[in-house]
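The two complexes that follow have chain A in common; it is paired with chain B in the first and with chain C in the second.
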Partner chain A sequence: MPLALIVVLILGPLAITLVVSFWQKVGFSMRPAISFENYAAFFSGTRLNVLLRSIWVGVSSAALMLLLAYPIAYLIATRLRAGLVRPVLFLFAVPFLVNYVVRTFSWSEILSRTGSVNTTLVALGIAERPLDWLLFSDFAVYLGLITAYMPFMVFPIWLSLSGIDRRLVEASWMLGEGPFSTFRRIVLPLSMPGVMAAAIFGFVGAFGEVAVSLILGGTGYQLLGNTIQSALNTLDYPLAAAISSVATILMLALIILWAQIFDLRLLLGKIMGRT
Partner chain B sequence: MTKSANLNRRETLKLAAAGSGVAALSSMLATQAWASSALTLADIGVGDTGDWSPFTQATGHSVNVVSMGNAPAAVVNQLLAGGGRTNFNIVNIVGGMQEPLVENALIRELDTSRMPNWETNDYISDYLADGTPGFDFIGYDGRIFGVPTVLQGDSFAYLPEETGKLDSYGALFDPKFRGFVSLEDNYTTAGQKTALFLNASGQAQIADPADMTPEEMRTVVDFLIEQKRAGQFRVIWSSFEQAVSLLTSREVHVIDCWEPMVFVARDQGTNAVYAQPREGYLLWAMAAYIVDNPDMSEEDLEATYQLLDFMLGGWYGAKITLMRGYLTNPLAAQYAADHPDQFSAEEAARIREISEGVQAKFEKGGTWQNRWPTHVDVYEEEWQRFKSA
Partner chain C sequence: MTAKRGKLANALGWSLVALVLVFLYAPLVPPAINSFRDVGNDGMFANYSAILSDGRLMAAGRTSLIVGLLVALISPLLALLAAEVVRVWRIPRLVLGVILIPLFVPGISMGVATALFFQTLGISPSLLTITAVQVIWALPFAFLIILTVMANFDPIYREAAYMSGANRIQAFFEVELPQIHPGILGAAIFSLILSFNETIRTSVVQGGQNTVQTYLWSQYQQVGLSPNLHALMTILIVATLLLLGLLALLDARQNRL
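After this line comes the complex of A and B, so read on.
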């Protein structure tokens, strides 16, 4: 029964989206068909550039977020007293108590020409005049994405790291390996399922982002989510479905790749509380 | 044996009495429901006075306001897939969307004789008459579908301390303000204003800025991309709060926006001015449509017409003009002046000032916003090109 529910509620809508992507727009409605014209329109027009930019922003921001999230998760898993782990992890969840659109808008206030960052920089003499590139720029978009999705990435990495058998690390030391070598040959490989889960969280979030690019991107920073929304505004559901299907297939390919490279059971076992 | 089978006479009488009481109450409620309708008004956030008691007191009907998006897809989706077609009586949105709404059988043609205030509304005959561009905001195919609830002419705002006095859309593209200009993320507003400027400056000849051909739209977008690459625009805004914030933080000095944003910015202490461009205004109107619910009873339909007539009345018009800064109906200013118990002298003067100001814009003219241009798909594709350039 639960499996049937999953099929109906998750795979059902995806299947409908895929089917509609082959339909034709007729006036304000759609006609069932087997047509590739929506995919042709997507891959031949401006939107292809938007797809490429979305992939680049997704990959690069996920990489940046990993560079930040991994050390944080490592410190929590290995250096923090046991009693402090849960409170610290809770702190990473606190930002999610505020709506993320509101959080994103607050960045535009902080980074504006008259915002607190620029005012401080000018007052301290670090900048002669307000820095324009702080807001409505690539920098602002990446900052918005990192603060929105990086906390999500700490959790799976921490889960992976905290599940590593300490005896393996100790054995490595006893066999004469230094801390860096132990990290590279023992800790990092064993934490990779969590790293890959985190990478997917970050990539999926950034790839389909709408609000951050809209609010912090400036002169029309288009990502795939924005272009889907734009197609919907002209009631072009088949085109929106085609773009969504491409995005879903890309995500699916990523997950299959992940499953091929890493043993999913390692992470799932930890989530389920099994060793 | 069940307990019900063991009921004694006294219990049976008690139950019978309770049953008849319930029946009487049900009958009363049914009568009440027949006499007074609970109407649902879906609104984009402009047409809600927050107080519908004058309507309820006058008619006995109650009004429940629900929020709805103004984008074409949001409207159609909410009506088709969001249950709006069966739950809403009226949708009050920016007009000009009759074509998709009528073609999808989502709104019904109006019988204007059922609204006494329709005949007294000179704005309809002056600005929205059949055969004029304004008709596209309330009518389709020669028939009337929308009640005009709000009228306005848009231009742009500026900060005079930074720019001096401005009176042309050329300010949006003036290199003096490079990096301090913002456009709205909307091809039917920013696109049309740009077309007005290109026409007035002789840089292009666009026959009808309100309904451009694909080639004309490409010309407009080519020009905008050139400006964008030169760094003219700081940001393309997409929400009311964002535009107000851009003005109050002085992040931009010239902004393609709506007049109420200037009112809010002024309330927050920023000296912003809404321009009177020599090229004219971008004119538009909001329209309230009756949702084409096939199950709507005649009683509910009558109540719905009463609500539409109320929205054409003096109290509603005065209230909305005061709250939003838009022109509403010809009764508004006089109603406010005649009812000092409801509107202070200062408020009445403000309502008259706003009404006369917007009427002057309509006298000046310009171009009517076209929410659903003939080549809307090309507009959308071109706007994507501009945004991703």
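After this line comes the complex of A and C, so read on.
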């Protein structure tokens, strides 16, 4: 029973959104219909460009996040003595849990023309005048996205790395494989469930972003979340629903693909215990 | 030769970790510094006392607290029920997957979806809708935390309780709960932290209400950030850090026992 309530509370809204996405906007209200005009409005003109850009920013920033999160998770899983694992993981959880809009405001202060980075650079004579590309730029947006979503990606990767049976690694050594090929042929493939789960998390976060792109990218910098926000601002709920549905369906497709390749219970094996 | 290279690689790796941590923690500092600027002659804490006399802000603060406490109460309970069901009845992983979905839906999409859901049900924006959207957000985390604690609970104790004549409910309250309650408390604190961490989903479903977090967000979009908003951000950061400290303390004590 409570499980049914939870399922309804999660799936119900997503299903209704899909329904509303076919409705029509009438004035400030909407009326039931089966119309594809919201999708047509989304898949054309500037909104299509925003979609394509969001996919590119999502993929590239998720790749950068993985490049950072993987070595971190690997070091924590393999090079740290048992007693230190939890404290170090905790260090990565803390910034993730502080309100990320507030953290993004902070970045805009740090990176602004009069912010601490620019004043330091000018004071030290490294830059003659404040750097303009620090804020309202791709650099700022990527920095904001990476610091917002990367910390959480360490956890699933660490979870699958720490679940690897050490004997497989030792067996590979005994069969004469070097450390690099052992990593490439044993450790990396076995950690893929965590890596791909983390990648999806990072991609979806960046793809549907609202705050980072607005605060650090400037008003012209639009990601998918911003188009949903502007549809909401004009009370165009059917359009917002259509864009949301595209984002959700894309995400569900990725998750289902993931579940086809990997077993969730394998990744959560340690957590689920003896079930 | 390889040992030396290995050491060098290790050192490089840990420097990367340290550098990343500097970048992750840097944003926690500026609000505190800015909150003590532009205070004029009204004393160090002028921006903080200005919050107290701002009616809208105080109302937003109350909403944040009430919603936070409700989320901290409801999420762990739902998560506990879900975790029990998953463990006892061996529910297929599909259900497990559904609970984790909110982790992967963009915040604003989940906000739009929840807003439309309540609109369809004829429920107008209120504390209830704000709480619901935040419970959905906190649930996957609370669920994973409680599953972790439950994994450390050996089901043989429950079997023993059954054999001593306890029914399912007695076995849960008298045998299992005493062993897993620190995990439930942890999930509650975590849910409260996640409630403080939430802005975007809430801003879509709140209607006329405001939480501190959505107030900051709408002020930024309308007029920009003023000094007392920096004070507000500082309070939010400090509250989160205190709660995290509590969580760490709880965890350390649990591990020592």
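Here is the rule we go by: the second predicted complex is superposed on the first by the 261 of 275 C-alpha atoms of A that agree within 3 Å, B and C clash if a C-alpha of one lies under 4 Å from a C-alpha of the other, contacts with A are read in each partner's own complex, and residues count from 1 in each chain.
In this section, contacts are C-beta pairs under 8 Å (C-beta built on N, C-alpha and C of every residue); 3 or more make two chains touch, one makes a residue touch a chain.
Model, not experiment: these values are computed from the prediction.
Novice: Putting chain B and chain C on the same copy of chain A, do they fit or clash?
Specialist: In the superposition, chain B runs into chain C.
Novice: Applying the touch criterion given at the start, work out whether A:Ile215 contacts chain B, chain C, both or neither, answering first, second, both or neither.
Specialist: both
Novice: For A:Glu109, decide between first (touching chain B), second (touching chain C), both and neither.
Specialist: Both: A:Glu109 reaches chain B and chain C.
Novice: Hey, is it chain B or chain C that touches more of chain A?
Specialist: Chain A has more residues touched by C than by the other partner.
Novice: Taking the superposition as given, does A:Ala62 touch the first partner, chain B, the second, chain C, both, or neither?
Specialist: neither
Novice: Report for A:Leu161: first if it touches chain B alone, second if chain C alone, otherwise both or neither.
Specialist: A:Leu161: touches no partner chain.
Novice: Identify the partner contact of A:Leu232: answer first if only chain B is touched, second if only chain C is, both if each is, neither if none is.
Specialist: Both partners, chain B and chain C.
Novice: Would you sort A:Ala77 into first (chain B), second (chain C), both or neither based on which partner it touches?
Specialist: Neither partner.
Novice: Go through the superposed model and pick first if A:Leu91 touches only chain B, second if only chain C, both, or neither.
Specialist: second
Novice: Give one of first, second, both or neither to describe whether A:Phe207 is in contact with chain B, with chain C, with both, or with none.
Specialist: In the superposition, A:Phe207 contacts chain C only.
Novice: Show me the chain A residues, by the header's touch rule, that chain B contacts in one structure and chain C contacts in the other.
Specialist: The answer is residues 105, 109, 214-215, 232 of chain A.
Novice: So in the complex, the part of chain C that touches chain A is made up of which residues?
Specialist: Touching chain A from chain C are residues 2, 6, 10, 13-14, 16-17, 20-21, 23-31, 34, 78, 81-82, 85-87, 90-91, 93, 95-99, 101-110, 112-114, 116-117, 120, 132, 135-136, 139, 144, 147-148, 150-155, 193-194, 196-200, 204, 213, 216-217, 220-221, 225, 233, 236-237, 240-241, 244, 248, 251, 255.
Novice: Which of the residues in chain A come into contact with chain B in the complex?
Specialist: Residues 27-29, 45-47, 49-50, 53, 105, 108-109, 112-115, 132, 135-136, 214-215, 218-222, 226-227, 230-236 of chain A touch chain B in their complex.
Novice: Inside the complex, what are the residues of chain A that reach chain C?
Specialist: Residue positions touching the partner: 2-3, 5-7, 9-14, 16-17, 20, 68, 71-72, 74-75, 79, 86, 88, 90-107, 109-110, 116, 143, 147, 150-151, 179, 200-201, 204-205, 207-211, 214-215, 224-225, 228-229, 232, 237, 240-241, 243-244, 247-248, 251-252, 254-255, 259, 263-265, 268, 270-275.
Novice: Going by the contact rule set out above, which residues of chain B touch chain A in the complex?
Specialist: Its residues touching chain A are 71-73, 76-77, 99-100, 103-104, 179, 185, 228, 233-236, 238, 241-242, 245, 249-251, 376-377, 379-381, 383-389.
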